[in-house]
Amino acid sequence: MRWSARARWWERSAHESGFCTQLLRGLGQVAFQASARTGAAFAAALCVADWRLAAYAVGGAALGTWTARALGGPRDRREAGLEGFNSALLALCFAVFLGRDRPTTALLAAAGCIVVSIGTAAAVRLLSVWELPPLTLPYCLLAVAVTVAAPAYRRIWPFGNSLAALPGSASGRTTLHLDELALAFFHNVSQLFFLERWHVGALLLVGVFLASRTAGLIACAGSLTGIVTAWALSAPAERIVNGTMGYNAVLVALALCGVFLPAAPVTLFYALLGAATATVLTPAVAALLSPSGGHAFTWPFVLTTLGFLAAARSFPRLSATDRERAAGPAVGARGRDGSRPCLRSVPAGRRPVGHVSGARRMRSRSRAR
Amino acid sequence: MRWSARARWWERSAHESGFCTQLLRGLGQVAFQASARTGAAFAAALCVADWRLAAYAVGGAALGTWTARALGGPRDRREAGLEGFNSALLALCFAVFLGRDRPTTALLAAAGCIVVSIGTAAAVRLLSVWELPPLTLPYCLLAVAVTVAAPAYRRIWPFGNSLAALPGSASGRTTLHLDELALAFFHNVSQLFFLERWHVGALLLVGVFLASRTAGLIACAGSLTGIVTAWALSAPAERIVNGTMGYNAVLVALALCGVFLPAAPVTLFYALLGAATATVLTPAVAALLSPSGGHAFTWPFVLTTLGFLAAARSFPRLSATDRERAAGPAVGARGRDGSRPCLRSVPAGRRPVGHVSGARRMRSRSRAR
Amino acid sequence: MRWSARARWWERSAHESGFCTQLLRGLGQVAFQASARTGAAFAAALCVADWRLAAYAVGGAALGTWTARALGGPRDRREAGLEGFNSALLALCFAVFLGRDRPTTALLAAAGCIVVSIGTAAAVRLLSVWELPPLTLPYCLLAVAVTVAAPAYRRIWPFGNSLAALPGSASGRTTLHLDELALAFFHNVSQLFFLERWHVGALLLVGVFLASRTAGLIACAGSLTGIVTAWALSAPAERIVNGTMGYNAVLVALALCGVFLPAAPVTLFYALLGAATATVLTPAVAALLSPSGGHAFTWPFVLTTLGFLAAARSFPRLSATDRERAAGPAVGARGRDGSRPCLRSVPAGRRPVGHVSGARRMRSRSRAR
């Protein structure tokens, strides 16, 4: 693709942002930020680790957004990058679990990105009955399906034995050193992209702060909650340090405080309770999928967030805050007009409900300019 | 807590019954009876077995009801005890499976009770689309999650190896002696509280009869159906006698005849068919969870009852009975005004739908006094 | 049953077709064809393999239809045979997996057919919220439950050890000979009825062509897609040839092109993408159920089709075709008046939504005569 063509994509029309913007927002939506800058920071962080991973993620986001456009999916979802994050994560997951150097993996990832776009449309529709967002549910479904099915196909899985095993009990040291705490803190973030590198985690966190200072602080609180919960229950130190116990906590905290519920003290407490719950759930999902050879991926985040969001409507304490705020200024990771896409009373099935409001947020943004 | 304070809770207002009443009703709701007397009988039965178990159950019901109030959940559900039974069962489950004497278990049970209250609100909302009650779904979800995750945490599970194992086939004697039949009959009831003691089962049955003679008889019919089904299919005698094959049958029979469907000959037949189905399903759920180290808990009851209730609307034979009865006098375990909370045409999401009608039943009760 | 009685059933009224017609349509609905001729061809194909299997299938369809009538289920669903295919498949599944010669199997199949009718009513109701059809979901649920629970009952499973095992990785030859291709092609169809006989597959295919030439061609395309997908990913040749990799592809292709979406080039592409997805998913479902001793049955078909149907509404490309066609002549396997039961805007819960439109299709048929 030449630069001129790319520039044209970028500037395609006054109303619809360019394909590259949509693509980068898709990457940013992995941490709920519909910001091209955040997406660019995420891509850079992946490049630091391995340029092939960055290629998979960017290619996945591009293919997912393109598929949604080709099939004629709703424009506002594409604009907000909501059609890109599931496919970006799926492509990355295939690269990490099935070997990033094999052409089969690349082809399979491409096919997976198309199917996950269809899966996203299905999840949006099924969950719209409860006005709930699809989150990373489509990615989780396909990632589990393909990693579990892989050993049955010699071309997908040329590595010999299946990973299926009965879950064992915890072993190893459970005390945590102070320097490990910092590692765990950043690994919880870098595990969003399947990586165990503290500087990638730090860069990702910088990307989140670029979009919103509140969101960045909440992500930090989520990561700490994950560490404290796992440590208090004596999880093996190794698992806390490599970030596999806490990445769901980061996502839950972000989702429940500032994205789908307003950022306020009471929702922060609710979000951190959710983060702790997701941390406890993580080995449960791992144990349920382990005998089939599957991984937890972001299932604990999806299940916890959907549950806590569905419950939030029944609790006036949380929705009262909500109503007050709706009249006041926008907070944190929400749109600048204070719009909250998910919990407004929208007739089910009428308009897509996603990670973060699509059209309204974009419109408010163009107004702000 | 001093007696005066407790008395104040009890008599808090003319309209809202006291906290202790709500708490005891919560215990009674384990067998669908919104009756404080039944709850007191259940607590007494648990005391006979082990006072610590009674403490866990009462504390769980209290914490669940308190959380729902603190978060501002609907009052009619609290009044009917519908916010107490899931947390009571969860606390009891932790006491039985994770060691009742350890402070960790008590703290974990307290945290679990708060989360299960949120889970209950979520389940009420999600199932309200079909006007279905949440039953013990929130408890089942969390109980499976925590027991399956436990071996990953040294502090929750200090007992060494995980319980995960591939399910085996039946072994042992399959003939049933007459004296074992009586044991099985009462153990089916006592297993509602994870106990294998015939006198606890007898006391629990007395508690059900205290609330409603019809409900007591239906519970007996459910227990017998469970035994007959398991025996006819040659389940191992040991499993029939210890009550682990039949406790779901008791719950299904109660739920489908007199609670969510009116008590009538045709619904009794339907309920006993459901009880038999739940009995057959019990080892299926156990086998599905066994490789991960999970237990069946009341999943067979939840799945069977939700399925049979969803289907009941399509069958005029069952709903005709229903319409006739609605005009006539109340029957069995239903409210005295014959209200049926679950199957009336209520706009989805407007009002909570639970085990047994909340507000209406309570109001009719205070009128009756 | 004497012939005179049977004749009376057949000719029962001008408006309601006879019981035998309903029964045969129930068999035809296994491949989505509400045609008694197709059902008769299917029964004949089963007879060629083993008369006992035909007896189980016909008996199952009869009992399912009868139960729905006895309970007062909606007539239009019975007329279209929509109450017969789940019970026919369940009875056949029990015959194949639990021993066709034992009286216990026959009795269990009879009980299962009654319960699966209730399950069908529940699935229709639950899925009507999204206007999705129940497909073979009730059969899949019960078939997995009973086969997984079987080893716990000596009378159901007298064969000793449970089948539960951790899933292994692929082994054996992956190249496919040309003559094996033809075998695989027909086995994919015969596996709809759990058989690995090419001439049964050919007869079943003739049955589909009897109802609709378009449907027959789509079934062929689905079978080929299954083979190509499995071969391209290097599945073991043995599994491709015996048809266990591709039977879901046949069903998905039929469902998504001509039954629930109109038959058109764009939906054909969509359907074949779905068929490939279902093929990849097949070993995933098998691996998830394998540690509990379960089989995949038609779960991959059910999950893929429900997902792709739910997504189809969000894609104007697919629904545009749909709208154009609705005005034009009927296509393929759809009703002669071009009615599309599943995707029309029907208020949820008002009327049953099934495999193929019930009442409207029948009415249009009688008009055509």
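All chains are identified by letter, namely A, B and C, in their written order; residue positions are counted from 1 within each chain.
Just so it is clear, a residue touches a chain if its C-beta (ideal position, glycine included) is under 8 Å from a C-beta of that chain, and two chains touch if they have at least 3 such contacts.
The structure presented is a predicted model; accordingly, all values stated were derived computationally and were not measured.
A.B. asks: On C-alpha atoms alone, could you tell me the rotation angle mapping chain A onto chain B? Nearest 5 degrees is fine.
C.D. replies: Superposing chain A on chain B takes a rotation of 120 degrees, nearest 5.
A.B. asks: Same or different for chain B and chain C, where same means more than half of the interface numbers show up on both copies?
C.D. replies: Under half shared, hence different.
A.B. asks: Just the number, please: Cα centre separation of chain B and chain C in whole Å.
C.D. replies: Taking the average C-alpha coordinate of chain B and of chain C, the gap between them is 36 Å.
A.B. asks: Can you list every residue of chain B that touches 2 or more other chains, as numbers and ranges?
C.D. replies: 129, 166, 291
A.B. asks: Using the touch definition from the top, list the residues of chain C that touch chain B in their complex.
C.D. replies: 70-74, 111, 114-115, 118-122, 124-126, 129, 144-146, 148-149, 151-157, 160-162, 164-166, 291-294, 352
A.B. asks: Within the complex, which stretch of chain C touches chain A?
C.D. replies: 129-130, 166-170, 174, 230, 232-236, 239, 273, 276-277, 280-284, 286-288, 290-291, 306-308, 310-311, 313-318, 320
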